[in-house]
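Both complexes below contain subunit A, partnered by subunit B and then by subunit C.
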Partner chain A sequence: MNGWEPVIGLEIHVQLKTRTKMFCRCENVWGEEPNTRTCPVCLAHPGTLPVPNKTAIEWTVKLGLALDCEIAERALFHRKNYFYPDLPKGYQISQYDVPLCSEGRFVVPGPDGDREIGIVRAHLEEDAAKTIHVGGAAGRIHGAEYSLVDFNRGGTPLVEIVAKPDVRSGEEARRFLQLLRQTVIELDISDAEMEKGSLRCDANVSVRKAGEEGYRTKTELKNMNSFKFVADGIAVEVERQIARYQAGEEVMQQTLHFDPQTGTIAPLRSKEEAHDYRYFPEPDLVAVAPPADMVERARAEIGELPAARIRRLEAEVDLDLAYGLVTSGRDALYARVPGDDRRAVANVLMNQLAAAGVDPAAVDGAELGRLVAARETIPRQTFLDALGASADPDFTADPYLAETTVSDAAALDPVIDGILAANPGQVEAYRGGKEGLLGFFVGQVMKETQGKADARVVNERLREKLNA
Partner chain B sequence: MAPQTAAGDVAVIDTLRLTAEDAAGLLERGEVSGEELAGAYLDAIEARDPELHAYLRVVGERSDGVPIAHKDVITTKGIPTTAGSRILVGYTPVFDSTVAARCKEAGLPILGKTNLDELAMGSSTENSAFGPTRNPWDPERVPGGSSGGSAAAVAGGLAPWALGTDTGGSVKQPASLCGVVGLRPTYGTVSRYGIVAFASSLDQVGPLTKTVRDNARLYEIIAGQDPCDSTTVELPEPVAIPEGEDLTGVRIGVPKEMNEAEGIDPGVSASVNAAIRLAEELGADVEETSLPRSVDYGLACYYLVAPAEASSNLARYDGVRYGHRAAVDGDLTALYARTRWEGFGAEPKRRILLGTYALSAGYYDAYYGQAQKVRTVIAREHAAAFERFDVLVSPTSPTVAFRIGEKAENPLAMYLSDLLTIPANMAGLPGLSIPCGLSDGLPVGLQLIGPQFSENALFRVGHALERALGFDFVPERLR
Partner chain C sequence: MAITREDVLHVAALARLEIPEGEVEGVREQLGAILEAVGKVSELDLADVEPTSHPLDLVNQWAEDEPRPSLPREEALANAPDPADGSFRVPAVGG
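The block that comes next holds the complex of A and B.
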């Protein structure tokens, strides 16, 4: 970074999975036939009025508490006014100066210890409908031949979380987002799937010289719909800004669109961002005063946060494995699996067990512990088969543990000799210097023994015989 | 009044004189059928509405209930609802407003949808995109507005009762100008669900009737909490249909600014003062009081708050989903601009501009924000007065009905028409206008204002005065 420090402020939208929409009784569901989940209220027919969804308010409070926010005694809804076909009322009901949740913080464990990211606010609003621009470039309205609107998403509840500009790298942004996603999933309030758009992230990016006070001009990065794109997009933009300053140029304030296919960023047309939203208190709604018992109930439903668990696990495994376990929801199983080699347990959970696609919650920890302990003494295929069956009801490790690896050289030698005899060409080539062919011979032996041979012994014996 | 009986024993119903209560009695006793009752009003409409133009659409439903007319901002399922605007031409609601549904449940068939100032913006019904309504007392004059069609329909015997909406005085003022009774209820007692919105923090539905008792009956049907409108509340007490004719113990305040304001016609003052003296004779304690800031700032404050909310409420009319759409191809901004330019008349455009300005960045605090603070001051000033008084009285309108065209080119003069109705509206308070006499042969309205949820007190005082005043609500030229 040559003495440059990135300053990154994240804005995250989380779509709540309430049964109904934010201000009407339409079903809140993804992926249905377009415009089949609508009513006069979410289509903004004349005279219709919003009625707030209590569950959405309670869930926002719950998320706010998990973000260590203060909960407003009387929060207000405001109207955010602008014209667009995805906004049937001509305004979005959102929150402005008195949001439900404010002044929080979110801890992100990192390689240099815990990083505390400030939370400015978390507020509740309704989502816009979905527009599909047909023709033109990259699904944008500019240059489109025509546009279609699907109001199924219109009016669904959305929480917007605004973090302080405390994030210092794309990687840190990724960790923040992964932890936030896991938090939201454990609170059971959202699917939080970036590719479905139920978790969305925008980033305000600027850079400054290390030690410099204040902030330089920022740009807003939009449309980063995967964790990788968030990390990549921010990294690309940080590089671009540093390069501009180093070339003696300025950074212009603008909204940028990240194109994940090319890994490049391009400015949105300025016309699409020039808005005076004319916020004012929504006169169709009264102030939201979350009752004390609701706040307490929400607080009681929050378990130990992912960040705290990562910090605990980090002592046993390492930071990456700890993140992996927690953000994949496998750390509960990890805790149930006995065994002295904790890294081995973690690695099996993150790799082979994950690949087996079994539900971690259904796995018997003690039985899995026995398998992990025996992973080097039973045949590899047996081990994988056992993992695949480990979530079955009544699963026991016993039959798998009974199949031991053939590591007796006396038993393996005839097989090895047979393979060498059957492949004289390869033997010749190996001896001529093509040592990479060792893997071929190992593979043949494993095939012959149906995977039961001890790979270490096979390697040893093969080398000895080939080099003889 | 009982119906007169003509040759052949067919009941001839005098729709000019028949109250809704009388009509209900005729139906209950089986003296007329619902069919005959509705038929009588439809005949009257056929005879007199070509002149008055109280109705935008005659629906002509028939059932066993007392028929009703709805101002055309009241959404009626399957019946086009235009709000008096070209922007909604072609729109037919797929749902009933809560008030229309309650009237339906109470068995009231719909006679028709009445004319109004476009989107309820105006005080004369001249702003209707479909032509003005005329005052049954003098067809050269306006019926007031914006609920002018509903007021004229009741006064002209074209409906036994009707619903209107009141934002700055749109029920009370036309009631006054047409010599009928109009209630603007406490904000939050009647659902706004399905009312084409003008200014959400001020809009209220209210009944227009020939008598105070009719008014209380219709209010009873429409009032009460609605789960579809989260600004509504449960009534603290049931509606009481007024019976008593004395005012013993009632404390009446006469705010001097509202009774001595510049622009009040002497004839209006004379009628109102006579009514106040009559109240005293009926046993009320009458005393002068003061609401200085409410009158000084009410109108200015209203013309910031109402247009600001309107500018946002009217944003949905964009030509995309329903109503008028301009023939524009290919350009979204042009579609919006052209649709709204063609669809809205001068007054909505004026208010959208005013309101957009008042909410703009850099102006919000000075205009909308400041107006909300003034609103609190007005509410406090009224609350203080109601520690000493049960009811405050004033003229409803500074003038009697004015001539069609007289103020049409002067928006400020028109806005002053609501000078006396606006303060209580800004404070969310109920107000009842009852006819209290004539000036130059035209009705004068007396405005009774009470604290929140004091509708029963207003009905009681209004009923006693109505009896004592003996005002004949049938327009002289039609008697």
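The block that comes next holds the complex of A and C.
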């Protein structure tokens, strides 16, 4: 960065998984046939009136509390006015100067300790409909012949979280987002799946000289739909801005789209000629005053936050493994698995057990602990089979632990001799310098012993015999 | 409060209204008169009056999160001038 400091402000949208929409009682669903979950309210027929979803309000309060926000005593809904086919009323019901939640903070553990990211606000609004652009290149807006609008998503509850520009790198943005995702999943208020669009992230990016006061011109990176794109997109944009300043050029304020395929950034066309939304209080809705019992019920449902658990686990494993365990929801199982080698336990949970696709909640920690402890003395395939079965009811490690690896040279030598005798061509090639053939011989021995041979001993004996 | 010709054209553009050149001045005068009438309120001393966002002194008018039937799709699309593929078809936007 040589003296430059990135300044990143994140805006995150979280789709709530309430049963119904925000202001009508149409079902809130994903992936159904288009326009099968609509009514006169969410289609904006004249004379209809919105009625807020109580659960959506309570869940927003719950999220606000988890973000250490102040909860408004009396919050208001406002109209945000703009014209677009995905918004049939000509305005979106959102919140403006009195959001439900404001002035919070979110702790993000990082390599240099805890970083506290300020939260400006978390407010509740309705989502727009889904628009599919037909014709033109690959569904992109540019060059489309026409657009199809599906109002199933129109009017569903959406929480917008605005963070202060406290994030300092693409990697930190990724960690913030992973922790926020895990938080809303544990609060049980959203699926928060980026690929499905139920978690969306925009980033305001600028850079400044280290020690410089105030902010320079920022650009907005829109709709990066994976954690990796968030990290990569921000990194690329930071580099671009620094390069411009170093070349004596300015940075223009604009909205940008990151193309993960090419790793490049291009300007998006703007929806509205000017962002002049003419907010005013929604006259069809009265104020929301979250009652004390609602706030206390929400508070009681918040468990220990992911950041605190990461901080504790980091002492036993390392930061990456701690993030992995917590943000994959595997840390509860990790705590139930006994064993002195904590990194080994964590690695098995994050790699082989994850690959086996079993439900961590259904695994008996004590039995898994026995497997992990024996991972180097039982055949690899046996170990993997055991992990695959570890979530079965009544699972026990016993039959798997009985299948020990053959590491006795006296038992392996006849097998190895047989393999060498059966492959004279390869033996000659190996001795002629093709040492890569060692893997071939090891594979043959493994095949012959159904994977039960100790790979280390096999390697040793093979080398000895081939180099003799 | 004086409203300018530029204000009129800006607001008209945001509202997607086309005001014929000959009518801009008339609209400007009318909007100015309305703002002036509303502006009378600011002549009062309102230092001790709480802002009002709604004439009804009610809060928390909400509903439980329980689904009710939606419209059949044919009915939802009945007023669409140009439906296609079970959707509202509109001219290409933004391109």
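Everything that follows uses one rule, which is that the second predicted complex is superposed on the first by the 458 of 468 C-alpha atoms of A that agree within 3 Å, B and C clash if a C-alpha of one lies under 4 Å from a C-alpha of the other, contacts with A are read in each partner's own complex, and residues count from 1 in each chain.
One rule holds for everything that comes next: a contact is a pair of C-beta atoms (placed from the backbone, for glycine too) under 8 Å apart; a residue touches a chain by one contact, two chains touch by 3 or more.
Note that the structure is a prediction, hence the values are computed from the model and not measured.
When both complexes are overlaid on chain A, the residue A:38 reaches subunit C alone and has no touch with subunit B. In the superposition on chain A, A:181 makes contact with neither subunit B nor subunit C. Comparing subunit C and subunit B on the residues of subunit A they touch gives the larger count to C.
Touch criterion met: A:81 reaches subunit B and subunit C at once. Of the two partner chains placed by the overlay, only subunit C lies in contact with A:56; subunit B stays clear of it. Once the two complexes are laid over each other on the shared chain, residue contacts for A:370 go to neither subunit B nor subunit C. Touch criterion met: A:289 reaches subunit C, while subunit B stays clear of it.
Once chain A of one complex is fitted onto chain A of the other, the partner contacts of A:91 are limited to subunit B, with no touch recorded for subunit C. Judged by the touch definition given at the top, the superposed model places A:48 against subunit B, while subunit C stays out of reach.
Across the two superposed structures, the residue set of subunit A contacted by subunit B and also by subunit C is 40, 43, 51-52, 81, 83, 85, 141, 149, 276, 278, 283, 285-286.
The touching residues of subunit A, when paired with subunit B in their complex, are 40, 43-52, 79, 81, 83, 85, 88-91, 141, 149, 276, 278-280, 283-286. Note for the complex: subunit C touches subunit A at residues 10, 13-14, 16, 53-54, 56, 58-68, 70-71, 73, 76-77, 84-95. Of all the residues in subunit B, the ones that touch subunit A in their complex are 73, 75, 81, 83, 88, 91, 93-95, 97, 192-197, 199-201, 227-231, 308-309, 311-312, 314-316, 318, 320-322, 332, 336, 356, 359-361, 364, 368. Residues of subunit A touching subunit C in their complex: 18-20, 25-27, 33-40, 43, 51-57, 74, 76, 81, 83-85, 131-133, 135-136, 141-151, 269, 271, 273-274, 276, 278, 281, 283, 285-289, 291.
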